[in-house]
Amino acid sequence: ENWDMPTPYGDSTFHTQNIIQFADEVRTATDGALDITVHSANSLIPHAEIKNAVRSRQVPIGEFFLSRLANEDLAFGVDSQPFVATSYDDAEKLWAEQKPVITELLAKQGLKPLFSVPWPAQGLYTNGEISKVEDLNGLRFRAYNAALEEFAALAGAAPVQVEAADIPQAFSTGQVAAMITSPSTGVNSTAWDFVTHYSPINAWVPKNIVVVNQRVFDRLDKTQQAAVLAAAEAAEARGWEMSAAEAAQKTKELAENGITVYEPSAELVDGLQAIGGKMLEGWDSKASDEARAILSGYNK
Amino acid sequence: MSDPLIALVLLGGLILLLSAGLWVAIALGTVAFIALSLFSNAPAGLVMATTLWGHSHSWALTALPLFILMGEILLRSRLSQDMFDGLAPWLSRAPGRLLHVNVFGCAIFAAVSGSSAATAATIGRMSVPELTKRGYPESLILGTLAGSATLGLLIPPSIILIVYGVATEQSIARLFIAGVGPGVMLIALFAGYVAVRAWMNPSLIPNEARHFNLRERLNASRNLIPVALLILGVIGSIYAGLASPTDAAALGVVLATILAWASGAFSWKLLFEALMSATRTSCMIAFILLGAAYLSVAMGFTGLPRNLASWIGAMDLSVTALLLALTLFFIVLGCFLDGISVVVLTTSIIMPMIQAVGIDPLWFGIYLVVVVEMSQITPPVGFNLFVIQGMTGINIMRVAKAAFPFFLLLLLGVALISIFPGIVTYLPSLMGN
Amino acid sequence: MRVFLTRLYQAAGILSAGLIAAICLLVSAQIVLNGLGRLFPGTFPTTIPSYADFSGFMLAGSTFLAMAYTLRSGGHIRVNLIVQRLPAPLMLAAEALSLTLALLFTGIALWFSAALVQESLHYGDVSTGIIPVPLWIPQTPMVVGLGLLMIALVHTLFDLVQTRSSVLTTADEV
């Protein structure tokens, strides 16, 4: 059997490399009976359509950015809520709570999650050092979702919508002056061309997820199902390690290329945590019971 | 069936449908549907709906109708004629005269727009009627337009460089800078070609009635002020950080409307006509883009381009031989797919080959764009050809014939950047590290 | 009937043009806000939430709603170089074939697009941006537009059968 697997990110992204290895392991374990072809970088299905394409069995399996689904249910977006889980340990604990809830939510769409791998924690890119929240006042701040827009507003910054591809140009022309993103994205977009400072504030640890269509999965014979699940488990473990290694490696690369990497001051951290707390109040009033259950389990 | 045979059958089918006079968008879509149904296990109908929806609402595409609308407004106002009146005295002694308006107009516009179709539509809307009226030969009018409009892809901003940069994780800022040198080189090649043709056969170029002294030239230049304001406004808004290139298209429409009204001879009726005409043109182009996207997805499912690319990879070629093979491969693929599809469908296979033989991925991105520029002017599927047919009613085969010398010039450009890679890499090497 | 249909295509075409104008105004408003935000930082909100999403949705609507109108105005590109040189009966046959294939293709597109909208409704799909938009809303113009295109193709095929002369060669008559 041949499976086509659309993924949103390019071949040099560790997520894609992990998935290619996953496909190799499935192929080996099933003696080539299940052959997964990875179509990276939106080359088969645009990111926005991947989940629904798996749902309607246009493709049996696919990867997407989990918190894209936050508008369906906030339970999908807890990993992208600022200052909830800010380390790999926290993120792992949060995923343990989140997994059963989103498994149930995805099951309603006939989808079965196989594994989920985090991006490195999100850091702050600016020109000049930011030592307290007030330093963000009036800065034009890149916002691409509702949470970030709220965050910018609470920090007194001016949210500006910039598409990912426009980032370098937006910085070099002054359209934006600050953004929060992972060190990987910073290196891949050669952030040193347009910003001077980076601070690993670990605002949140978002994840990608790989899902398979339940009915397609059920049609596999038992040994193939076991092979897929085993490879998925291995991919999840491997992916988390790759992510941690990536975070260290890419932060180092930022520094090597002339960006000043500095630890956030206690004052900045406190200020950001306070904003995170305020945002959670608003979040709580909009969240479903399931989403709230994730957080209360996590905070226990 | 073997891959090369399947490829031949599908290409044959596409040519047959196109020759039978089926609409281009529907011919592409029909071949895609057949390819999916026969040579993949994906559900062809569902994939069609997903593609039609998923590719029709992209933000990057929204600039296209706006740039087309800007061209339509300029055409209906006095601005386009003013621009030619202002330029004519200055170009009266240049060999090729006003034909250079196509070359330089496209080059300037390319700095605003990210696509070659929008560039061809906007500049062509103004220049084709005006140059035809003044008696320039059709083949050179169409050729310079079709050829120079491809600069839209190379001179930043460029949609295709963004796609390449994202897919291969190259810095988009560096890619943009790297496109400038080859862009200038191609402008020189195009302008040089026009000059040589004019010089070899002076009767080809109509005489502008008389010669102008400096004072007259300066006087006539006042006609250029409105268009200069428009270009400054659009480019300025991008570089002042007020607008992304897509945003800037909207600003261009608003500015063009204001200037058209200020220059007199514009009305609500003309604005309405401009809107309706832009709607038809952008619908036509978007429909073809959707058909092309569906074909591209179908190719992804059948795995044909991947397999063909791996087949080249398996040959274990030297750098030069690999580049020659890839150039040929992209030209053939570019006849039937649009440029972005070519890049998207093959990078996964091609990039490892490139890195294995030690070719700089930054250089390769620019090489790829110049090669893909050629696909814009090769029949049967060439977007600049479609735009120009849509605009003039002249059949794409005739347009393609007129554009053929420019295809060869682009090929020369590829040879030049391969022999002198510094044309590409010099400017980015100056960027801070 | 003829008059009614022509009006129908035109109305959809005008709606499409309106959508393009609306994109233009929406994006321009955002640019003005960007400028004001530069001049008076922090005094008022300077983003139109999800304006890129809304522009994209309007573009999709404009594209599909204009399809029938563009077809009837001869705006869709075809390669008629070879067909034009055929003797009259063959040319008519080629046109009939083109129209029939186009009808088939559009029919399939219509059927599966309708299924897509139904699925979006069934699962309550929403867009992922700052403002969640139920996807069936921007997807409906796709279905309507493809439906109109189908009507226009049947209409044109009918013209061909009735007049027994080429109906696809004339452009720009609307």
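Of note:
Labels for the chains are A, B and C, by order of writing; each one numbers its residues from 1.
Just so we're on the same page, a contact is a pair of C-beta atoms (placed from the backbone, for glycine too) under 8 Å apart; a residue touches a chain by one contact, two chains touch by 3 or more.
For reference, the UniProt names are B = TRAP transporter large permease protein; C = TRAP transporter small permease protein.
All figures in this text were calculated on a predicted structure; none of them were measured in a lab.
Both subunit B and subunit C are touched by A. When the interfaces A-C and A-B are ranked by how many C-beta pairs touch across them, A-B comes first.
Centre-to-centre separation of subunit B and subunit C, using mean CA positions: 23 Å.
Inter-chain spacing, taken between the CA centroids of subunit A and subunit B, is 35 Å.
Looking at subunit A, one finds that residues 48, 52, 56, 163, 175 touch two or more other chains. The residues of subunit C that reach two or more other chains are 34, 52, listed in rising order. Shared interface positions of subunit B, i.e. residues touching 2 or more other chains, are given as 46, 50, 53, 58-59, 242-243.
Those residues of subunit B that touch subunit A in the shared complex are 41-43, 46-47, 50, 53-55, 58-60, 157, 162, 165-169, 171-174, 176, 238-245, 297, 300-301, 303, 344-345, 347-348, 351-352, 431-433.
If you check the complex, the residues on subunit A that touch subunit B are 2, 4, 10-13, 37, 39-46, 48-49, 52-53, 56-59, 162-170, 172-175, 188-190, 192-194, 257-258. Subunit B contributes residues 17-26, 29-30, 33, 45-46, 48-50, 52-53, 56-59, 61-62, 65-66, 69, 237, 242-243, 246-247, 249-251, 253-254, 272, 275-276, 278-284, 286-288, 290, 380, 386, 389-390, 393, 395-398 to its touches with subunit C in the complex.
Looking at the complex, you find that subunit C touches subunit A at residues 34, 37, 41-42, 45-47, 49, 51-52, 119, 123-132.
Those residues of subunit A that touch subunit C in the complex are listed here as 48, 52, 55-56, 68-72, 109, 137-138, 140, 143, 145-146, 149, 153, 156, 158-161, 163, 175.
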